[in-house]
């Protein structure tokens, strides 16, 4: 779950005790103008759960209330990475001496958290990594012993920040790591972390991604997250406990398990067709094939359908029963092509044959090819 | 600055380490349905910076995704205490054993913070105070020594909650007080604070009001606050650093100082008229009379205007100069009635007389009476 | 809290624009300003008055009774506590918008140090013909004249208008006590009314109140026992509920702090509550012996 | 991580619906299940197997080599650490949706205890004709047949399809290693490929990969040095970027984890990458001696 900048700052950094600029969340140009009147020269920043807002024109400076009104007027209503901008964060500007980068993220190879710090703040860390890899300090953390001030000081050793800045940045890194742990972050990044002209260290931006699997124990902050922007059908899928992703193609897909579903989509593409959706009914969700088929068929672009079952844990007879029921109830006008194997196969094939009068294909590739041709 | 329930929970209680139910913030009925699918039986609650949402129909139960869709559909778009409901908090329900009340607020008489606790949670504390005042425990806090576990235990003594609940509630009260101090609360209230059937203590609702005067040092959380919902003109006023409140009357008011402005409004009412606004140009704002007059005149309901100056710190000549300039620029078609006294009076009166050809009234009551009659 | 010309006054923030301006005005009105504070300008003089590094340094060098603050909100707590700890008997806090918990800490320090606080967010104290401390037009003879009516006001601008009305009607003032527009004040309406009741130079009292809080109700309890006549005007009858009317203390929440509650309490106590400020002199005259 | 019928297996959460169901299946397939764990049902039996209060109790009483977890996400870390500390040589973590930082703590405990982790979010391990551990249809003879092809798969359902295709084509399997759909696994594609490379019963290897992460690229580095032929199918060529495709590990961020990157790496290493699962047997046959 992504958090928009303002939520990451007000929930995570504030709780961590990491300073951020004075800011106000505004919905209208008039509110933005009032905010600048209250806090002075500011930046006006689009609030969307996506990066690269600056490049998209979603970040502008405003020295006066009038400029804020203009800036907010331009940004509100923009679309950035598919997200309509509904709110802007108006945030006080201050004189910046230097910009750093700080983050905590999982190190897959080390199977542990990793703290990152760079004196090259303000640009994409991938660009820094490509251009000046030596500018990035990395430190793997033993998750059981934690990350202490001494670890932070060791990371900063030799960067020549000076004792005051060293101490202040080390304190921020420790707080950042503690917040990463406390709030079950998948990613917690401050870029830039600014050293102000007056010596204070302030987080000018913040990216926080909450581990979806930890939501059950992070109920306190979950409501501040942006969630995924879902289409109406995707939300309906989520409401039925189904992971449904709506795509732009015309061949509907119903398969069990994430790997098999992706593969069905791939084979559709391989045969020259375009998949209309991803929809997983893996794990316990295999009992929900009736609702699942309803979703696939509600997608207006669908012209034909592939049902591809390969039962292991999931019983193909149970899944086929749901599909047949949904098919009889919805009476869709589109052709459907089956391939059924694994647990419960015989009963499942018999059911489809008798109730729908359809003969499943022996190979899923053949079922897919037929569906792709039918959609043309 | 009021915080809506979800913001109070995700920013303040989460940072304080006080548990809240799993929740999701939703903008559409489909999102609400998906949230219930994810978290189970829930309450759907209108998010507005106002109380008594339940009585207004802004809180409903939903056991299924379908019920959540219906409930959210009914609540979204409602208006509660003048606020359009744009978002609902969908929050997991749990079996509740008891409901308590806990709050920290300023005790004006003691000039110090006061912690409140009551075993009668879930109702308005004013109603409890009226019906069963003995059910409310109050404890003044010496702000320099703070509020410790021992203080909390002393408050709970004799309530018969049992040792486990006693300890858990005491811990919550200490955390609540610490959050009150840390986040410069004007009010921090949990009602109800629930003892669940499984023994956990969970905050089911939360009200947090941030001291506006402390905003400068609470920049980290300010963006999570709801701000005041302002009319377009009020926001324009705020953008000029002016406290403007738009009312439904027809006699515009321009006076210096909060007390004198309120009094001018009162005298308008006393004379049978209806004031069109509150607008303070007290303190340093006295130099902004030009912008201020623009605001007053932009209010479409205004049919006449009273300008009432009583200069002390504020110089009436400076204020009159601004008014004359604005009047000459805007050329309004409505009549204006002046009363001017105190610092700079002679120059101010001469200015109004010469440039506008208007003779100020000796007494503000007479100016007001004339304006009220002109507005009829 | 009636200031006298014998009171030695220390101006905190004396070298700022407002501090310097009002120090001149105070000196011109007879106020015994003995020094000012600005740690960065210690050793200099301002308006002929020595500048000290701290209230403690001022106390040691010249001694002071009253401190008055021209200090911005973010620095107010520290400055106030320093003045209290240096032994101020009276501290006049002009500053508006001090965070509430800082205000509580100032009050806690004052309670420990035995200092009386006036304010925060007051326009100050005036003893017409004698001296003043704050930002009131004490020098304006159309507004203030020496006399025997004591005025207590939450608002500076409205208090000025009321004194103007009194002066216009030939009623001079024994003292003007601006208690401040904040919700949590060191000196309440009741405290100020009681001080005027005890003051031999005061024959009658005017309460200039506002909606919000319960100070007028408390003062009414005291006024019920007074022999001196009391008149009152309460601002905010026409204010919409739930919104702060400029002053942080001026807000009606539910029934609390309402105009009706205050008027009812004062009238029950025998106070003459008038509808407009211009009616105050008449109302007072009727009750004066 | 090739399971053998001599391995003593402990089932954590044996009395739950899935735990009980799959214990029956494992026993029926020849797996040497020596016990289960449920603190509340210690002393009882399940499918003829004793239930213990903890992995430590089971180790003391009967001894075990492999533990397999039918445990919900919120309890997974505690259960896993208990099994590791009781001396599990191999821990099969079937559980999906374990919080990532709990996964890190499991891996940290495993590193200290010298335990190999398979998973999280794996469907388990199958040695056709011998035994299996997990939730795979090892009992289905249309899917699994003893043979000499080793299969490594992130996905259970797709791994099943691939084994079905091999069996259909007359190619039996030496071992199926489900490594799991999570992003941070105890056993990577490379680890599993290396194990099959060392296994004398394996003549060829099939990699069933997915978009997301860098495991296929790492495995390619190893495969480049292998003598045994390797074929691969990578799922997710048609997946939209930036979205999790059911598996937490299956997500393309920017270039990272893309289909193109994986295919390029594997082909450079001499691996036969096919477009559909059905092409795997043909591709393998071409390279087998």
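In this document, chain identifiers A, B, C and D correspond to the written order of the chains, with residue numbering beginning at 1 in each.
Note that a contact is a pair of C-beta atoms (placed from the backbone, for glycine too) under 8 Å apart; a residue touches a chain by one contact, two chains touch by 3 or more.
Note that the structure is predicted; figures quoted are calculated from it, not measured.
The chains in contact with chain A as well as with chain D do not exist; no chain meets both. Compared with chain A, the chain whose C-alpha mean position is the greatest distance off is C.
Centroids built from CA atoms put chain D at 79 Å from chain C. Distance between chain centres (mean CA atoms), chain A to chain C: 58 Å. Averaged C-alpha coordinates put the centre of chain B at 27 Å from the centre of chain C. Shared contact sites, meaning residues of chain C that touch two or more other chains, are absent.
Contact with two or more other chains is made by residues 216 of chain B. Judged by the touch criterion defined above, the protein chains link up one after another in an open path, with no loop closing it.
A complete list of chain pairs in contact reads A-B, A-D, B-C.
Looking at the complex, you find that chain B touches chain A at residues 6-7, 9-11, 13-15, 18-26, 28, 30-31, 33-34, 36-38, 65, 68-69, 89, 91-92, 183, 215-216, 219-225, 227, 230, 232, 235-241. Of all the residues in chain B, the ones that touch chain C in their complex are 106, 108, 111-113, 126, 142-144, 181, 184, 186, 211-214, 216-217, 243, 245, 247, 255-263, 265-270, 275, 278, 280, 282-283, 310-314, 341-343, 345, 363-365. Against chain A, in their complex, chain D makes its touches with residues 73-74, 96-105, 107-108, 111, 123, 135-137, 140, 142-143, 153-161, 164, 181, 183-184, 186, 208, 210-211, 213-214, 233, 235-240, 243, 245-248, 250, 254, 275-278.
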